[in-house]
Amino acid sequence: MIGTIATHQLVALRRQRVFAALLASFVLVSALAGLLGWSSNHTISRVYDEAAKLMVATGQPPPPNPFLLKPALSLLSNMVVYVPLIGALFAVVLGHLSVVEDEASGLGRLLFSRHITRTQYAMGKVTSAAVALVIALGASMGVSALSLLVVNHALAVSDVARLGLFYALSWLYLMSFVLIGIIAVLVTHRRSLALLSAMGAWLVLTFVVPQFTSGLRPTQSLNPIIEPIGTSQRFFQITAHGQPFSVVEQYKATAAVILNTAPAEATGQLALRLLPVAALAAILLLITLKLVQRHDFSRSASNE
Amino acid sequence: MSDQTVTTRVTGARRARVLAIAKHEYRAAVRSRILLILVVLLILVTAASVYIASAGYAAKLAEYETYRAAAQAQGLDRIAPTPLAALSLLRGPLEYLEIIGAVIAISLGYLSVSRERINRTLPLIRTRPVTAGEQATGTFLGAMGVFATLVATTIAVGIVSIGLLGRDWVNPGELFQIALTAVAALLYLGAFYCLGAIATAKSRFAANGLVIALGIWLLVVLVLPQIGDTMDADNQLPGGLFQALALDHDGELAVLQHFTGYERIRTGIEEASLSKHFERFAFAMSDVKDRYRPYNLPWLLNETRNDIAWLLAYAVAMFVGLRRSFRTQPTIPPGGTP
Amino acid sequence: MAAPAIQLHALSHRYDTDPVLRDIDLTIEHGEIFGFLGHNGAGKTTAINILTTLIAPTSGSAQVCGHDVVRQRGEVTACIGYLPAEVRMYGHLTAAENLAFFATLSGVPHPRRAAAETLAYLECADLANLRVSTFSSGMRQRIGIAQAIVHRPQVLFLDEPTTGLDPFGVRQLRETILQLNADLGMTVFMNTHLLGEVSKVCTTIGVLNHGELIYKDSIEETTRRFPDEASLEDIYVRMGSDSA
C-alpha cells in the first residue's frame, strides 16, 4: 500500500510544472557551482602568473602556486551554500506538493474510505518525496562529477566517495525540510499559510538560529566557510551552548570536512555533528506520523 | 458647468477610488494572520540582532572610555577619536529587512491578488467604474503604507535599542540619513511586492505564483550577491589570495589591472541584484562600512548615485509591470478555478 | 425617447473556436424583470459577462442604458449592479465595511450611510458589524445583493442568484427582487434554470439554446401561447425538443 501511494504521488509530482521548474533550477545551480569553481581556479592561476611575473621583475622569488593549496573538491564549495538555500526551498515545496492536493481537492476523504491506514498513507507520501529528492540530488551529483572531471581532468575514487557522502548528507538535511513542508500543510487551513509557515521555519533555521548561536549576521550565513567569531560577550557564552543544535551550521561544517575544504575531524566528532541533523529529521518524521493520525481529512481545505 | 469643473470632478473621483482601494489593501494586510506572523518574526529578530550588536558595542565603548580617561590622566594632548559608529548597529536590522522584509513584501503581493480570487470579488470591482490601472495604483499605495509602518517600526526598535543598550542616541543628522535609508527600503520592498503580485496574477494557481516569486527572490537576494562575492579574486582563498601571494596593495592593483574584463562581469552580476544596491546604499547611510564614515551626506549620495538610480529603476519597472499584469489578468478565472 | 435598458444587436461570442453566443438580438425595456433561461453551458453567464463589461464580445454590439459596453465602459458600470454566482465577499471585513468599500468605488457620496441604509432596506441591519467570514451562504447572498444595489443602479444583473439557498432563502430573494423593482424601478436581468421562480417573479423570459435565442416574450403571452402545457417546465422542455 505504501508503494502504491508513493508511486501515485511520484506520477503526480512529475506532472507538476512547478516541481519540474524547481528541479531544473537545482540542477542548474549545481552546474553554476561547478562553473564558479572553475572560474575560481582559473582566476587563481592567472593571478599567480601575473604576480609571479611582477615579483620576478622586482627581483623577488615567486611564492608557491596557491592553486596547489586548494583541494580537488573545493570546486564545489558553493554547493554547501546552495543546498541550504535553493535545495531547502525545493524540499519545502516538494513536501508541500506531496500532500496539498489531497487536502485541496478533498481526496483524503476518498482515500480513507478505502482499505488504507493513515500510517501507510503518511509513509507513502514521505517515501515518494524521499525518492524525488534522491532523483534531484542524483542529477545534481552527476553534474558536479562532470564539472570535476572537466576542470581537474581526473576524478579519484576517494573523491567520488566523498562526493557520494556529501550528497547523502544533503539528502538527510533536506528531508527535514520536506517534512516541514508536509507538517505545515497538516497544521494550517490555507495553502498559502502552509507555504509561508514552512518558509518562515526555513528562515528561522537558516538565518535566525545561527545569529543567536554564533553571532552570524544573515549575509554571513551565505558564506560557505563559517568564520569563527569572537564570543566574548556573555550573551554568546550562554547561547553558544545551542550551537550543536543549529542544524545549518552543523550541516555546513560536516560538508566542509567531507569535501576536504576544512581540516579533517575525528569520526566521533563528525558523528556528533551529524547527530542533530539526523535527530531533527527523525523528530519531524514522528511529528508527521502523529499529525496524520489526528488530521481531519473530512474537511476540504479548498482555499488557496 | 465648465470643462475645468468636470475635469476636477473626474480627477477627484479617481483619487477617491484609488484611496479607497489603498485603504482596503492596508486594512486587509493588517488583518492577515500570515503577515502578522512574519512581521512579528521580523521585529523579534531585529530587536535580537540590535541587542547582540549593542552588547558588543557597549563593551567597546567602555574600553574606549577607559583608554580616554587613562590618556587624559597622563596629560596626553592627542587622544584618538572613537572608532565606533552607533548607526552601524543597524546592520542586522537592515540585513533582515533585505531578506525577511522581501519575503513579507512578496507575501503581501501574493495575498493582494489571491484575496480577490478566493473571495471572487474581482468581477465585483471590475463592474464598478474602476480601471485596472487605478486598482494597481491603489493596491500598491496600500502596500507602501504597510511597508512604511513596518520599516518605521523596525528602525524605531533599532534606534531605541541603540540608545538603551549601546548608550548612544542618534543625532538629527544621523536621523535624516536613517530616513533616507527608510525611503530606499520602501522602494526595495515595493519592487518585491510587485514581483509577488505579478507572479500570482500571471499564474493559473495562485500558490504556484508564490513559489515562482520566492524562487526569484532566492536568486536576486541570496544567490546573485553570493556569486559576486565568490568571484572576488581576493576571496578565493581563506585569508585572501593576495596575502597568500605576499603582494602589497600596489602589487595587488598592478595585478588586478589584467582582470578588468573579469571584474566587469563580476560587477555586472552584482548590479543585477536589487538587494546589492539596497545594501550598498543602506550601509553607506548607516556607517556600516568603515570607508564611508569620514564623509558627509552629499559625498555619500554622490558615491551611491548608481545604487539610487538602480533602486528607482527597479521599483518603477516593477510598478509598470504590476499595472500591465492587472490589466491583462483574467477577471473570470480560467477554468472557473479561483 | 429614452434608450432601452438593454439592447443587443447580432451579438456573438466564441471561446477559441467554440461559438458560445450566436447572433443574438434582444431588447429589454426599463422596469422589466427579465428571466434568461437555458441549460448548463447555453451561454447565459457569457451574456452577463459581456453586459457587465467583464469580457468583450467577438462581434455585434451590446448597450446598457444606451451606452456601449465596450466603448463606454465607465458609463455602463456607473448604471449597473451585479451579483455573480456564488459570491463570497471579503471575509476579513464586516458586512458594513464590505458595502462601504464597494459604494466608494461606485462614487457614492456617503458610503457608510449608504451601506447602513441598504442593510436596513434588506432587513439585515443586524449583520452590519459582523465579519462576513462568519456568515452562512444565505447571509452571504444577502450581502451580495446589498453590494449590488448599494449605489442604486438602474439595471441589476443576477447570475444564478438562488444557488446554494434553501427554500426560505429562495422565497426571500424573490420578495427582494419584486421589492427592488417596485420601490426603485430597477430593471432586473436574471440568469436561472429554476423555472418555478421565473414564473413567480419575471415579467418577460428569454430562452437560450446552444448560444441561440430561441424564444422571447412576456410571461402572460407565453402561457397563452402554450395553453396545453401545465407548467413553464413543460413549455421549456417542448421548446428544447422543438429546436433540437
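We just call them A, B and C in the order they show up, numbering each chain from 1.
Operating definition for what follows: contacts are C-beta pairs under 8 Å (C-beta built on N, C-alpha and C of every residue); 3 or more make two chains touch, one makes a residue touch a chain.
The model shown is predicted, which means the values in this text are computed figures rather than measured ones.
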Closest chain to the overall C-alpha centroid, by per-chain C-alpha centroid: which is it? B
Distance-maximising chain from chain A - centres being C-alpha averages: C
Ranking chain pairs by how many C-beta pairs touch, which one is first? A-B
Averaging only over C-alpha atoms, locate the centres of chain A and chain B and give their separation in whole Å. 27
For the pair chain A and chain C, the C-alpha centroid-to-centroid distance in angstrom is 55
In angstrom, rounded to a whole number, how far apart do the mean CA points of chain B and chain C lie? 47
Touching two or more other chains, which residues of chain B qualify? 118
Touching chain C in the complex, chain B uses residues 13, 16-17, 20-21, 24, 27-28, 31-32, 115, 118-121, 123-130, 331-332
Touching residues (chain side chain B, partner chain A) in the complex: 33-34, 37-38, 41, 45, 48-49, 51-52, 55-56, 59, 91-92, 95-96, 98-100, 103, 107, 110-111, 114, 117-118, 205-208, 210-212, 214-215, 218, 222-223, 225-227, 229-231, 233, 236-238, 241-242, 244-247, 251, 254-255, 258-259, 262, 279, 338
Under the touch definition given earlier, write down the residues of chain A that touch chain B in their complex. 17-18, 21-22, 25, 29, 32, 36, 39-40, 43-44, 46-48, 50-51, 54-55, 63, 66, 69-70, 78, 81-82, 85-86, 89, 93, 100, 190-193, 195-197, 199-200, 203-204, 207-208, 211-212, 215, 217-219, 222-223, 225, 232-236, 303-304
Would you tell me which residues of chain C are touching chain B in their complex? 49, 52-55, 74, 77-78, 80, 82, 84, 86-93, 97, 101-102, 104-107, 147
